[in-house]
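Presented sequentially are two complexes of chain A, the first with chain B as partner and the second with chain C.
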Partner chain A sequence: MELQVPEADVANRTAAIADGHLNVEGPLLPILHDVQKEFGCVPEAALRVIADKLNLSRAEVHGVMSFYHDFRQEPAGRHVLKICRAEACQSVGGEVLAEGVRKALGIGWHETTPDGRITLEPVYCLGLCSCAPAAMFDGELHGRLDDAALSGIVMEAGR
Partner chain B sequence: MTPVIFVPRDAAAIAVGANRVAEAIAAELSARGIEAELVRNGSRGLHWLEPLVEVRFCDRRVAYGPVKPSDVPGLFEAGFLEGGAHPLLHGETEEMPFLKAQTRLTFARCGVTDPLSLDDYRLHGGLNGLETAVAMQPADIVQHVTDSGLRGRGGAGFPTGIKWKTVLNAPGVRKYIVCNADEGDSGTFADRMIMEGDPFVLIEGMAIAGIATGAAKGFIYTRSEYPHAIETMQAAIETARKTGILGPSVLGSAHAFDMEVRVGAGAYVCGEETSLLNSLEGKRGVVRAKPPLPALEGLFGCPTVVNNVLSLASVPVILDKGADFYRDFGTGRSRGTMPIQLAGNIRHGGLYETAFGITLGELVNDIGGGTLSGRPVKAVQVGGPLGAYFPPELFDTPFDYEAFAAQDGLIGHAGVVVFDDTADMLRQARFAMEFCAVESCGKCTPCRIGAVRGVEVVDRIADGDKPEEQIDLLKDLCNTMKLGSLCALGGFTPYPVMSALTHFPQDFTPKPNTLKPLAEAAE
Partner chain C sequence: MSLIKETDYGTPASASENKITLSIDGFEVTVPEGTSVMRAAMETGIQIPKLCATDMVDAFGSCRLCLVEIEGRRGTPSSCTTPAEDGMVVQTQTGRLKDIRRGVMELYISDHPLDCLTCAANGDCELQDMAGAVGLRDVRYGYDGGNHVKQRDGGGEVNARFMSKDESNPYFTYDPSKCIVCSRCVRACEEVQGTFALTIEGRGFGSRVSAGMHESFLNSECVSCGACVQACPTATLQEKSVIDIGQPEHSLVTTCAYCGVGCSFKAEMRGQELVRMVPYKDGKANHGHSCVKGRFAYGYASHKDRILNPMIRDKITDPWKEVSWEEALSFAANRLRAIQYEHGKESIGVITSSRCTNEETYLVQKLTRAVFLNNNTDTCARVCHSPTGYGLGQTFGTSAGTQDFDSVEQADVVLVIGANPTDGHPVFASRLKKRLRQGAKLIVVDPRRIDLVRTPHVSAAHHLALRPGTNVAVVTALAHVIVTEGLFDEDFIRTRCDWDEFQEYAEFVADSAHAPETVEALTGVPAAELRAAARLYARGGNGAIYYGLGVTEHSQGSTTVIGIANLAMLTGNIGRPGVGVNPLRGQNNVQGSCDMGSFPHELPGYRHVNNADVRDVFEKAWGVSISDEPGLRIPNMLDAAVEGTFRGLYCQGEDILQSDPDTKHVSAGLAAMDCVIVHDLFLNETANYAHVFLPGSTFLEKDGTFTNAERRINRVRKVMAPKNGYADWEVTQLLANAMGAGWSYTHPSQIMDEIAATTPSFANVSYRLLDEKGSVQWPCNDSTPVGSPVMHVDGFVRGKGRFIRTDYIATDEKTGPRFPLLLTTGRILSQYNVGAQTRRTENVVWHDEDVLEIHPHDAETRGVKEGDWVKLASRSGETSLKASLTDRVSPGVVYTTFHHPSTQANVITTDYSDWATNCPEYKVTAVQVSPSNGPTDWQEQYEEFSVRARRIEAAE
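After this line comes the complex of A and B, so read on.
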């Protein structure tokens, strides 16, 4: 994931993404998703370009982006761990499990370890409620987790 | 005939190792020089046995599960390609009690077929409904759906045919079909299973909805948490376009219909239909006041059908087998079947489709086998985070929209989450408030502020800070939220809170030592 992209580069690449969506109905969310895929977040410089392309104010685009939990203003760590905190996972000890990794990593929800290795995000349901507790690590799903399995996943991940 | 091996591609199966099992099988096949076809099917819904591997040979189809990659060599040794005996063998899949007792109408093909094979889809009755529909007048299709008694499966239970009629009769050249695939309720996964396990049935249902109402464009709005469903849906839409199911002439008729998948961005409230429409338009997912109804002024101000995945996926079988066929299942004003999702602390978790009328106790104890932990059941939350907690004393409640409402509950999207006796219902009530606070769209005060106050009040009860007064305050607050909220997020959060308080008052007592990790989730 790139942490430092020159602003002009962000602008150019965002413009290209936006152009690719200009003929779809309601293009803003698809654009934001693609921009985040490109840069790992939606950088400030991208907001201005998107606003220009869609004839919106920068504030409007920022308002939309900030409404949704998925969009980030800063890139995440090199790995992202999303742990389900919803009821089905709670019913089989998800809460204690999450507390365990949180302590092991020494970070809170939405935080990244100081070495930039792992970001921890809560998620309210992955749709794996019959195989709970569940988590997603770098896009891979894991069900029927216990302490050993979860810490295995986290510890095995590379730098 | 070469044997066919089925390893599910369903996200729940993948989460417990199905991809690794499929790899191990492929490796073993090539190492042994055996010829067999490997199909990645949907899930049969027996999730406690996932990865459930099936083998079809001669006219038989048998199941083994749960299979770990390390079991694979042993399965080959046991001759599993001819149904050989093995400790993981369950015999003929269709004869397994959990499956045999179901009535699968919406889920008829899920787990049976290759989800992306259109030939397989046709072979198992797919497209019969759409073929019937293209030969009918739109008003007759709508009448059919109305006569079937189908009610919206997304939660509110509004009659689907009536909604369609409003859109059909609404003036406007541009109309839309929007499939609500935002499935945010904890304890639910049926929409996901359809998209991953039988995507063509959703395409077929949406195309029928388009023809019935005069809409030529459809959107499936789903969640970013469902990457596998998105991928499968997109692949199926591509195939449907290439084969003339979608496009300027649906199945060679004069009707045009096309669709695309749109992905949300992690906001629970975007499952609410008007918030969803705002999100599709590229706005903040704030709830709109009704009226106007989306059926009259929906997406981009045009008449719009918004229906849940299961509502739309039930339409093809209704058109194929007739309204009476579908309506003959069920009870009272709840007609047809419901794909019920058994989840949480339950031994036999998974998908169970059955006619309305089965009792909650049958679902939890007989079919679900009680808790996974083996401890007594304490409470069952039905209908997601806005649904009520039911104690075992209410297990004779039949699964039926009205019967649940009569018990101050709702069936919602039919998620059933079981808790054992270690659950603390005060904490569950607190979570309901906390979730509402995190996910509120912010439009109305009782929801936005009330939910935050709700968390504080519950905390004060736990802290023993004038608990009786706080309990009265909590009831009052629930009442305000119920009456003063624009949508069901604020309006229904009182259901889990009040049901917890009503049925489990013993938990609402001071407990100074409670840990409160949930507190830190609120952003």
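After this line comes the complex of A and C, so read on.
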């Protein structure tokens, strides 16, 4: 993943991705996914190209993209930790757990550690209420977490 | 007078013919099938509380305020999204519903500022009304939780959710703190306007209305049509004029004075001050929609440049002297009489205005016919749609479009030729785009890639990007395909047209010289694309043709109009809704000014002056004898002026110097006259050559009628006293009387009565009928007492439709080594015509100068970069303007607008014109483009001259 992609490059690569989806019904979401895969986020320059390719307005593409939390405006860190903050997890100490890891990493929600290693995201229910408190690390689910287990996961992750 | 309140039924009307009956709160209601429960309730006067519903857009069901209980159904469905059914029993007010509504309102209000007393929408706020309607007394949630209202929270921390007001648009503000996220604006932008500039960004509590990609309104895709402002139930989207002035207290329905769509507006007033123009839902041309010009660009009416006192001067090199009306009129009358005495009665004439009312135009042509005793009258239609008059008159028998605008809702294939509706006729374009989104197909014939070719959710099936000047070849090639491939409608042709004439015509077009493959080299249109377009138009269902000045303003303009009429007759696309041939008229009253006998050879109602019976009607009414010799057209007047035989002109509401072709010839003609009377709001460019200036009145300051492109006669109503003292019709009457005419009209309705009495197609028109019906479409007489939405239903007006051969003859204006590019001209959304009005409004934020569109390839070979000054030279003259590089135009073609006098695009255009009507060939000029440092000598000299010519002597 490159951190700085020139705008013209974003446009060209996005156009190529969009072209590959033009004959799909409802191509916008698949295109957004592939663009995020390509750049680690959906850059603004890409949205303009997508709007043009699909004959949509900029507003419409922005409306869809901004509806989904998982489409990022900027690239995430190398690892993404999502901690559940919904009711079931809250009822068994999820808030304290979350606060602990936030302090340990020294960042707020939606932020990335200065070394670019971890991005912290809240999530509202992972469907693991029976194993609360729960979290997701790089797409992998973890249940019945406590401080030690969570920091273990976080610390063990490679750089 | 009071404020006109229109009923909001909540959801759009259903067009179904099946009726159903249901019971709402114990009242029986019968409505068309498909009507929502909400609308059905409103039909009986039961207003169900609502916030996200309004009848300009489809139901959405998000506000949860309009819930009802229906017998036999579980829960509380929203009445806006629930279709009424036969036998349904609905309750709109129960204890349960009241509790739900109050709870919902509490949530809304907990995130809404409580500054009602100082809010601009105070008195016109649906949120306020609903709080009242549901009996909101307390907000249990308080106001301290997460909100979008406060810039800082109680502890002084910045509230990240707060967004500040967007004041970027010159006419309205967006205040996110007042937004209840009902999506009405977003839906209005999508469904009504069709621009899709707005969206809801984010989700849940974080949802906000966003213009473009979280941009300011001005930088977004917004075209400032005002539909969102109209839809907003709160002060979130609010006219700046209402913020400045306050709520209006009375209103009158009137007609917009910009383009030929003729939108109806409510002029909402506070005393004599215009607060805002609000599109009127019952307006049959616009059905409650508007564009940036009609909705907002009325500031010119009170602009400081407006001249309010008459002025005279002996020579055009003298400064102007302000004088009394009596002095100005007697000065003018004496000069005109002196000219006639010395040079004969044919030596003076008039130019009527397509901007003024029918009544005013009628009086101006009456002035020349009954007082000057000649037929020297012409109008600006000469330079726009005169070929329409000729072409449709020859083929169909009337000089007007065949349909109403509603007809587009039933079109299946729309052929747009040489018109740019999204810029020139925006409200019609919105209706067209709506139909295209429903699946109708679009064919665009235009040298430039206009917005309609590809705009969100609309794309043309075919864009025939022809070389300027080859319209006839393309239209004839379309006919060739239809005839040779047997796609014509034989039944229609046999019954409605002359079969022998058809056969002769078919033989002509079937010649391989007209085959798409043959003309491809000439027109630049790929043959396969043209064939596909012809097949689509002929066999795609209801085919409707809309065309504009790109058709008429050519040396073969009339031929193209005839070719278009041929296409419609060939395919049987005439005489029912959804089809037809429709000229998109440029100005508000071009249709009317032509109807009113503005042309030198025609008395009102398109009847030739050599027809003694018709002359007799007017001679009896006016008590004079009318000349049977057609008078001079505008170009002939100017030629005669240069020769010295035409010496006096009364020019009402038209700036011929800026709008007519070959500016140098126009100025030479004007400079040679002894008495030029300009009757206008502003010291326009023509006034630089005038001896008498009579101040004009705006459309807000007079009564009258405009006739739009669909032949609809709409009322114009006086909402304020004329700032100059007299409405334009009064000024013309004063001038006539100064010359001894003895006219005594006291109200424009008397003029309309005279028109009705003398002109058969207007026989039943009266102000009483217009007040009763809102508007009527001529012909309006005993056979069609309430007007005619569609013409030629059972037969053509002339009897049999007439096919006429359309030989392509290339214009004499040809490219060559010195002038290798073709210039074509057009207009832009925010500006109007020569810009006399729109340049004096905030619309200049969108377009403050004319630019030259040039293809990057042509630019590169000339060393021209984006934004560079370039010199644009033709055989007629040269001017300078800035370049804009775009592939909207093909290589070899350049394009500009003509809204700004400093550019003077018409210095470039030539005096070639239509063979039948002299309509100038604005759309094709051979030019060269070269880098330049700034304005040309001509521009600088002209600027200096016009400053000098506009001097007004200080009052003593």
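In the analysis below, the second predicted complex is superposed on the first by the 159 of 159 C-alpha atoms of A that agree within 3 Å, B and C clash if a C-alpha of one lies under 4 Å from a C-alpha of the other, contacts with A are read in each partner's own complex, and residues count from 1 in each chain.
Rule of thumb we're sticking to: a contact is a pair of C-beta atoms (placed from the backbone, for glycine too) under 8 Å apart; a residue touches a chain by one contact, two chains touch by 3 or more.
From a predicted model like this one, the values you see are computed outputs, not experimental measurements.
Colleague: Just to be sure I read the superposition right, which of the two partners does A:G63 touch: chain B = first, chain C = second, or both, or neither?
Modeller: Touch status of A:G63: both partners.
Colleague: Does the superposition put A:A15 against chain B (first), chain C (second), both, or neither?
Modeller: neither
Colleague: Just to be sure I read the superposition right, which of the two partners does A:V5 touch: chain B = first, chain C = second, or both, or neither?
Modeller: A:V5 sits against neither chain B nor chain C.
Colleague: Touching A:N55 in the superposition: chain B (first), chain C (second), both, neither?
Modeller: Second partner only.
Colleague: For A:E87 in the superposed arrangement: first (chain B), second (chain C), both or neither?
Modeller: In the superposition, A:E87 touches chain B alone.
Colleague: Using the touch criterion from the header, give the chain among chain B and chain C with more contacted residues in chain A.
Modeller: Between chain B and chain C, the winner on chain A residue contacts is B.
Colleague: Which holds for A:L47: it touches chain B only (first), chain C only (second), both, or neither?
Modeller: After superposition on chain A, A:L47 lies in contact with chain C alone.
Colleague: Touching A:G143 in the superposition: chain B (first), chain C (second), both, neither?
Modeller: A:G143 contacts chain B only, not chain C.
Colleague: Report, in rising order, the residues of chain A that make contact with chain B in one complex and with chain C in the other.
Modeller: Shared contact residues on chain A: 63, 67, 69.
Colleague: Report the residues of chain B in contact with chain A in the complex, numbered from low to high.
Modeller: Spelled out, the residues of chain B in touch with chain A are 11-12, 14-16, 47-48, 50, 183-189, 192, 217, 224-227, 260, 262-268, 279-286, 300, 341-346, 349-351, 372-373, 381, 385, 415, 417-420, 423, 428, 431, 435, 438-439, 517-518, 520-521, 523.
Colleague: Please give the residue numbers of chain A that touch chain C in the complex, ascending.
Modeller: These residues of chain A touch chain C: 44, 47-48, 51, 55-63, 66-67, 69.
Colleague: Could you please specify the touching residues of chain C with respect to chain A in the complex?
Modeller: Interface residues on chain C, with respect to chain A: 195-203, 210-215, 220-221, 454-459.
Colleague: Mind pulling up the chain A residues that touch chain B in the complex?
Modeller: It comes out as residues 24-30, 32-33, 54, 63-64, 67-71, 84-92, 95, 98-99, 102, 108-110, 122-132, 134, 136, 139, 141-144.
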